[in-house]
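Working notes for the structure below.
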Amino acid sequence: MFSVEVRNRMMIAHSLPDPFFGPAQNLHGATFVVDVAFFREELTEQNVVVDIGAALDVLGKTLAPLGYQNLDALPQFKGQLTTTEFLCKYVFDRIADAARSGALGGDGKTLSRIRVTLSETDLARASYEGPIGG
Amino acid sequence: MFSVEVRNRMMIAHSLPDPFFGPAQNLHGATFVVDVAFFREELTEQNVVVDIGAALDVLGKTLAPLGYQNLDALPQFKGQLTTTEFLCKYVFDRIADAARSGALGGDGKTLSRIRVTLSETDLARASYEGPIGG
Amino acid sequence: MFSVEVRNRMMIAHSLPDPFFGPAQNLHGATFVVDVAFFREELTEQNVVVDIGAALDVLGKTLAPLGYQNLDALPQFKGQLTTTEFLCKYVFDRIADAARSGALGGDGKTLSRIRVTLSETDLARASYEGPIGG
Amino acid sequence: MFSVEVRNRMMIAHSLPDPFFGPAQNLHGATFVVDVAFFREELTEQNVVVDIGAALDVLGKTLAPLGYQNLDALPQFKGQLTTTEFLCKYVFDRIADAARSGALGGDGKTLSRIRVTLSETDLARASYEGPIGG
Amino acid sequence: MFSVEVRNRMMIAHSLPDPFFGPAQNLHGATFVVDVAFFREELTEQNVVVDIGAALDVLGKTLAPLGYQNLDALPQFKGQLTTTEFLCKYVFDRIADAARSGALGGDGKTLSRIRVTLSETDLARASYEGPIGG
Amino acid sequence: MFSVEVRNRMMIAHSLPDPFFGPAQNLHGATFVVDVAFFREELTEQNVVVDIGAALDVLGKTLAPLGYQNLDALPQFKGQLTTTEFLCKYVFDRIADAARSGALGGDGKTLSRIRVTLSETDLARASYEGPIGG
């Protein structure tokens, strides 16, 4: 199995309003360093998993509406606990949509899996990995 | 599949008394940077894999009896070659026990897998990954 | 010149309400990885610059009131643009106070300089370095 | 499943002569930081996956013919697009050959899988993982 | 003294045609991760050393003509040994010019110092630091 | 001012037998990642601060007698508290001797300064910087 993994980042505010989260119930924030890995069994005709430039471009466009935002105020997150894990899945769904729609080039439609990792500090990170099919 | 991974560290002395290990047969030591990843198919009601605070707490308590110790002198390692790989499994077993006993919260009992990675230098690391079931 | 540098981190929300900052005028947030370096010309009787444990403890206590907070709502930052640079100096002043007051041990009073570095993303960081005297 | 992962690096020139690659069609170059992970279900008699020293040695010998070279001029790459993904598989094949031939010691013949990761910048990397059997 | 440091990267080919360089006399290449630190005694009215966005923009424009190039073929490097150290100074001169010309904003003209660091592998890097005045 | 910085590492056991060090009074150990920076005002005829290969070689030879050792048992450290800071100075003195003796090449004799940094964990490191003259 081959993979290619690319990186971007976003700085957001949010709160986690459930007693489970202790001090993180407060409005606070995070820098999320976001790594997206694309998996493919066999390389394309150009010997790639996916065009790295296109992958970086799709990732940048995916994160742009979230960067420098308070996630608590965004309609798509209303009523959601925007944990690091949840955000991994949110980014995964958008990247998988982009892949299936051809935004990663024609070969992007035939990727097998995607993994999204969000590092929230030097000590903690989360990921979601799943098949691209939809 | 979702994951959450947390980090801690320990500084220990040990020797590897088998000719296989060449100069590492000597009493020497290591800083092990320890990463523990927890895996779960679906998030809990709070949109998490596991409480990161509880995970860091359990990891800290797991490493505390080893930190600043000479592993050669600890009864639990008597007659064992305490390689990095062996220590990964040792930490894994303790973390899995803690998960099954509820030390990670009730949802910790239903984690699917755990992976423990020990980095011994900037050039080498080992890991053990397995199901939590016991 | 000798130095010792220790690390901690904090997750905060804030806004930078000046048109100079473009999208960062919005309420957003950051993970700041905080490194504090202590400098001394000659080592103490114990061959140290400063007790690393005490340094980590003082750093943790310095960051605790800021962690999981919205800096815009804290009285000490009222009317201030809480840029990364500004926060470096804010942390510096508290650590220098702690050193002069003996919180780093008696030898902490005779440190020559301190440098505080806050990394806000994988691509950008700021620092403040100055003499401890005061 | 246990793993051990070791690191080395190489500095090479190459071009990617296909319009797909945009500016990377030019003769340019890269530092590839190369991580090779070895996987085994059960540890050997010495409690290892593989001898780390032997693994580092095999990796060094694998990269030596490529280091400080223009890949476009090497006969083994004639007519190939030497993408990062392609090079992962190239290194994988050589390491797997070495394992099967006993260059990693007798236990190296019974490894289950190998994963080769090449990081080309701080923002992008590729990998190939597969069974060692051949 | 305050600083702000930003990062970018470039992938280039070159050779070092002097027997001093051993195998690096060959045409080979490198990924250079480029960090540029800006120093200022006192913060500006907006509590910054320099606008991070402007700094990243100037750095990107400085590296663009070098990225994906064979430095041996560029007229500005004719007859030069393009060592990592030399390239640090080359980038420094262009960034310092940009600062003095106002490309970093009006406050960029009054920076005190700049430091450029190029990391060529995980094991080696070079830097040049100097006053901006000129 | 130009610099070049190179990296190596060593794994050692030691104890710090003074009540000041709390649990680190025990026999324990560390992986020290060792970075050595060489400083020079003007580049040599080959546009370098120092030959990186020679620098790596000198660093490797400096650390070799310490690697896989119990520092408590080495005669050169008898009666010394082998703190990270102390070891920085110890490595500095050996590297400076090598430079003055020509082991870094003729140009190594005219370096201005050297800085040695030992990272003991992901959270703590020490350094010593001084002039090479002697």
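Here the chain labels run A, B, C, D, E and F in written order, and each chain numbers its own residues starting at 1.
Convention: a residue touches a chain if its C-beta (ideal position, glycine included) is under 8 Å from a C-beta of that chain, and two chains touch if they have at least 3 such contacts.
In this text, all values refer to a predicted model and were calculated from it rather than measured experimentally.
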item	value
Target chain E, source chain C, minimum contact steps	1
Where chain B and chain E overlap in contact partners, by chain label	D, F
Chain F against chain E, contact positions shared by both copies (same if over half, else different)	different
Contact-richer chain pair (by C-beta pairs counted) among A-B and B-F	B-F
C-alpha-based rotation, chain C on chain F, 0 to 180 degrees, nearest 5	120
Centre-of-Cα separation between chain D and chain C, whole angstrom	41
Interchain centroid distance [CA atoms averaged], chain A/chain C, Å	31
Length of the line joining the C-alpha centres of chain B and chain D, rounded to whole Å	27
Chain A: positions in contact with at least two other chains	7, 122-123
All pairs of touching chains, each written as two labels joined by a dash	A-B, A-C, A-D, B-D, B-F, C-E, C-F, D-E, E-F
Contacting residues of chain C [partner chain E, same complex]	18, 20-22, 80-86, 88-89, 122-130
Contact footprint of chain E on chain D as seen in their complex	7, 9, 11-14, 23-24, 26-33, 67-70, 73, 120-123
Chain D residues within the chain B interface of the complex	1-8, 43, 46-49, 51-53, 56
